[in-house]
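Next come two complexes built around chain A: one with chain B, the other with chain C.
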Partner chain A sequence: MNKILTIAENTFKEAIRDKILISITVVGFLLMASSKIFVPISIGQAPKIIKDFGISIVEIFGVFIVIFIGTRIFHQEIERKTIFSIISKPVSALEFVAGKFLGLYYLIVVVQILLFLIFLIFSKFYLRTIDIYLFNVLYFLLFEFLLLDAVAIFLSCFMTPLTSGITALLLFFIAHLTFYLKDLTELLKVPGLSALMNFPYYVLPNFSVFNVKSTVIYHLPLSIHSYLLAFSYSLLYSFVLIIFSSFLYSKKEFV
Partner chain B sequence: MKILDIKSLVKIYRSPFLMKKSIGIDGLDLEIEEGEIYGLLGPNGAGKTTTLKIITGLLQPTSGEIKLFGNLGPLEARNKLGFLPENPSFYPNLTGEELLRFYAKLYNKNLSKKEAKEKLAMVGLENNINKRIGAYSKGMIQRIGFAQSIIGDPDFIVLDEPLSGLDPLGRREIKDLIVEVNGKGKTVLFSSHILSDVEAICSRVGIIIDGKMKQIGTIRDILGRETKYIEIEFEEVKEPEKFKKYGEIKIEASTNFLRIESEKTRNKVVKEIINKGGKIISVIPVKRTLEEHFINTINE
Partner chain C sequence: MKRLLFGLILLLFLALIEIKGFRWIPKQQREELLYFPSNKFVKAITGGFDILLADFLWIETGTYFGKHRLSDKSYPYLYHMLNIITDLDPKFIPPYTLGTILLTTNAHQSNLALEFLDKGMRDNPELWQIPFTKGFIYYIHNKNPKEASKWFLLASYKKDAPELALKFATWTLIQGKGVEITLHLYLNLYESSSSPIFKEKAIEGITKTLSNQYKKFYIDKNYYAQSIFTLYKAGYLPFIPEIPGGVFTIKDGEIVFQQFQ
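== the complex of A and B ==
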């Protein structure tokens, strides 16, 4: 476990000092600041629009960072040849992969909390109030990104950065919609089709379990079940993906 | 005790799409005893780096047997192994001190700031402790690379071209460090193109050509005890050109240089110079260099 935490800490340190990350966070800050332009055209819907826009910025930047860094994380190690000095040390493939996964997650937690706080400050500035209920979104986002982190790491084990980035992004959007596929199959009741259409619902990560944005913005109640589902689903699915990733990684060669 | 025992090692690379084969290592045997400094020589593409990468777990052999520290498992063996890759590269956003402390932790060793500073000072980087690796020069990277290879206090240190990119002073320092760690009982295996350095510090060398081990032995075994020629410097002899019968002679203003091929004639020539009232300045037996031997072996 110590080695996993060591690699995680190193991954975090390396990434947090990267100029690209600072640039992304600054852009996020500027975009949130620009939410003020919606106030005059919102016809009494300013609180909803500002919250919706702010949360979307936090989420989009989270997705971008996880996919951009997560899918390049191993390739960068290979390209820079830094991997040579790690693999030749007493570090197992599982320790290396889990360390990288955790390091990226530290990073995303820090960036998400930072962006969320910026959002709350702007929200206080524009709406003269802070909606504590919005913290629920952060809870679900953090578990959503844990899973997306594992997906990005898994794909980068056997794909190039570009293909794994595109696949992870497509998967993220498709996996938000698999819920509708299941509904559609139940509605159509075509034999054989249900198995085919249910496949993505059960196999692909179901990101819709983390989608509580509208519920929170409209202050609708969230059940304890949804909190537990987000927590357990994210942890379990990520664990399985990391085990698969470390297996794939253990078969890799570094020419 | 054998630290490393490789038998009939084969490594075949296959291109990703066409699956075209290329042979990296072709039935290589290599044994390294505890306490040795072993030099691995060979032209570019001979298979030196591939061999070192297989030893350190970066590549898997296609076939053959490889034993590190007897029969230790890969992770246990790597716990006793230090490695400096060829043209090393490290995390650019970490400082020198952070980098060493990071690698030490991978050996379950907690390096204090003071210890990290000492290690950096050992490789001449005491003034660059808080400088980011991204700002290090090539020579500095090579030096910190050496420091990280010994950070876990390994018993077996594998160095791939450790002297490349270093200026003469840096080369001298790293060579001294290799000899120093060897003096502490560590076994060192290193590849190098700088043959004079190999000749200076290695107890044994192996020459790899086309993935095969062509020759193994001590420098003395490989180069032989025979001298290539003997150069005799002498003066105060009348008609020195008469010594031409023994070999090539170069006559300068007051000094003469006679190059003779056979050791057997040396004493006879020296005696004759003295008998003719001459004065011997020096008698230098010139041996074959490793470089000459290496080039001959490749040409063969």
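== the complex of A and C ==
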């Protein structure tokens, strides 16, 4: 466990110095600051639009961090040749992958909380109030990014940074869409199509589990099941992906 | 060779979409709303950012409405836009309330507005605002107090419904209370919304009602009323409508809303 935590700590320290991270956070800050422009053009709906925009920025920039930093995490080790000092030590593939995964997740949590606080400050500033119910979104986002983090780590085990980044981004969008694809196949009633469409529905991660933005914005009640589902689904799926990733990583040959 | 063939097929496919796909759009509208999505499975392509997209489309609808109000006063895509917004965010109420009033008063599509409100009630059965708006349209625009009363009554049963909903349900059935109900409805519209378009619509409605009473006074008495108070004293108005920040007055023989400096 100590080895995993040491790798996680080093991964976090390396990633936090990344210029991309600073750029993403600064752009996120500027976008949230500019949400004031919605007040005169929102036809009386500024409070809702500012909240929707702020939450979406927190989520979008979380996705960017995973895509830009998470998918490069192994390749940086290879490029800098630091991978050789790690494989020469008694560190198993699972410990290394889990450490990288935790380090990146630690970074995501820090940035997400930071962006969320910036959003709350601006919402207090622009709307004269802080909606405590919005903290529910943060809970679901943190589990969403746990899963996306695992997806990015998994892809970067066998893809180049560019392809794994693009694939992770596409997966994020497709995984929101599988629910509708399943509905579409039921509607079309084409023989054989349902099996084809059900495959991505059951195999790909279902990110719609974490999409509670609308429920939270309208202050609709969230059942305890949705909290538990987000928690258990994210944890279980990530665990499986990390096991697969460590297997793939152990098969890698570094020359 | 394979790549070239694939590229050619792709080009042909795109050309086919270009030729066939956009034919249904009237020529003058092609550029304006070319990017506007169709409502079938539009939620699926948003990647979980459906409410954000709905917000942007709401802002776009405001721009579309404003642009056409200043030019041709024709709104062929207003209903389509409102429909997409509520497909993306079914709990977003302003398209149902403000949107349908604009559809009725400006686009003159009250049938579509009423249909659209039915969709709103299916998605939000707990809200009083939607049946209330339906009652409003039936009373003010369709001049059907019986139907209006039914919808006001339905609104009054909903959670958090104002007492006024039940009052309207009974008032609309009393003959000779037309002016009073209309003024109350418009005042309620003004007070219940933060939207500037809503407020503008309410002021327009009150001005129109006062103008009708002003003309009625002239026809009956053969001289013009000197002030709104004269109309009230003579029994042509049940009360003098008050709106914060301004006053209704008679200027050059016309009823106007004068804002305080």
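Note that the second predicted complex is superposed on the first by the 255 of 255 C-alpha atoms of A that agree within 3 Å, B and C clash if a C-alpha of one lies under 4 Å from a C-alpha of the other, contacts with A are read in each partner's own complex, and residues count from 1 in each chain.
We adopt the following convention: a residue touches a chain if its C-beta (ideal position, glycine included) is under 8 Å from a C-beta of that chain, and two chains touch if they have at least 3 such contacts.
For clarity, every value in this text was computed on a predicted model and none was experimentally measured.
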item	value
Combined model on chain A where chain B meets chain C, clash or fit	fit
Which superposed partner A:P90 touches (first chain B, second chain C, both, neither)	first
First, second, both or neither for A:S250, with chain B first and chain C second	neither
Which superposed partner A:S34 touches (first chain B, second chain C, both, neither)	neither
Touching partner for A:I49 - first (chain B), second (chain C), both, neither	second
Which of chain B and chain C A:S23 touches, first, second, both or neither	neither
Degrees between the directions from chain A toward chain B and toward chain C, using C-alpha centres, nearest 10	160
Contacts of A:K81 with chain B and chain C, given as first, second, both or neither	first
Contacts of A:S232 with chain B and chain C, given as first, second, both or neither	neither
Chain B versus chain C as contact partner of A:E14, first or second or both or neither	first
Smallest distance from any CA atom of chain C to any CA atom of chain B, in Å, after fitting	20
Shared chain A contacts, counted only where both chain B and chain C touch the same residue	none
Residues of chain C that touch chain A when the two form their complex	41, 43-52, 55, 58-59, 62-63, 89, 91-92, 94, 98, 193-198
In the complex, chain A residues that touch chain C	38, 41-45, 48-49, 52-53, 56, 59-60, 172-173, 176-177, 179-181, 184, 207-208, 211, 213-214, 217-218, 220
Chain B-facing residues of chain A, complex	2-3, 6-7, 9-10, 13-14, 17-18, 80-82, 84-92, 253-255
For the chain B and chain A complex, residues of the former touching the latter	13, 53, 56-60, 75-76, 78-79, 81, 83, 85, 87-94, 98, 102-103, 105-108, 145, 148, 152, 158
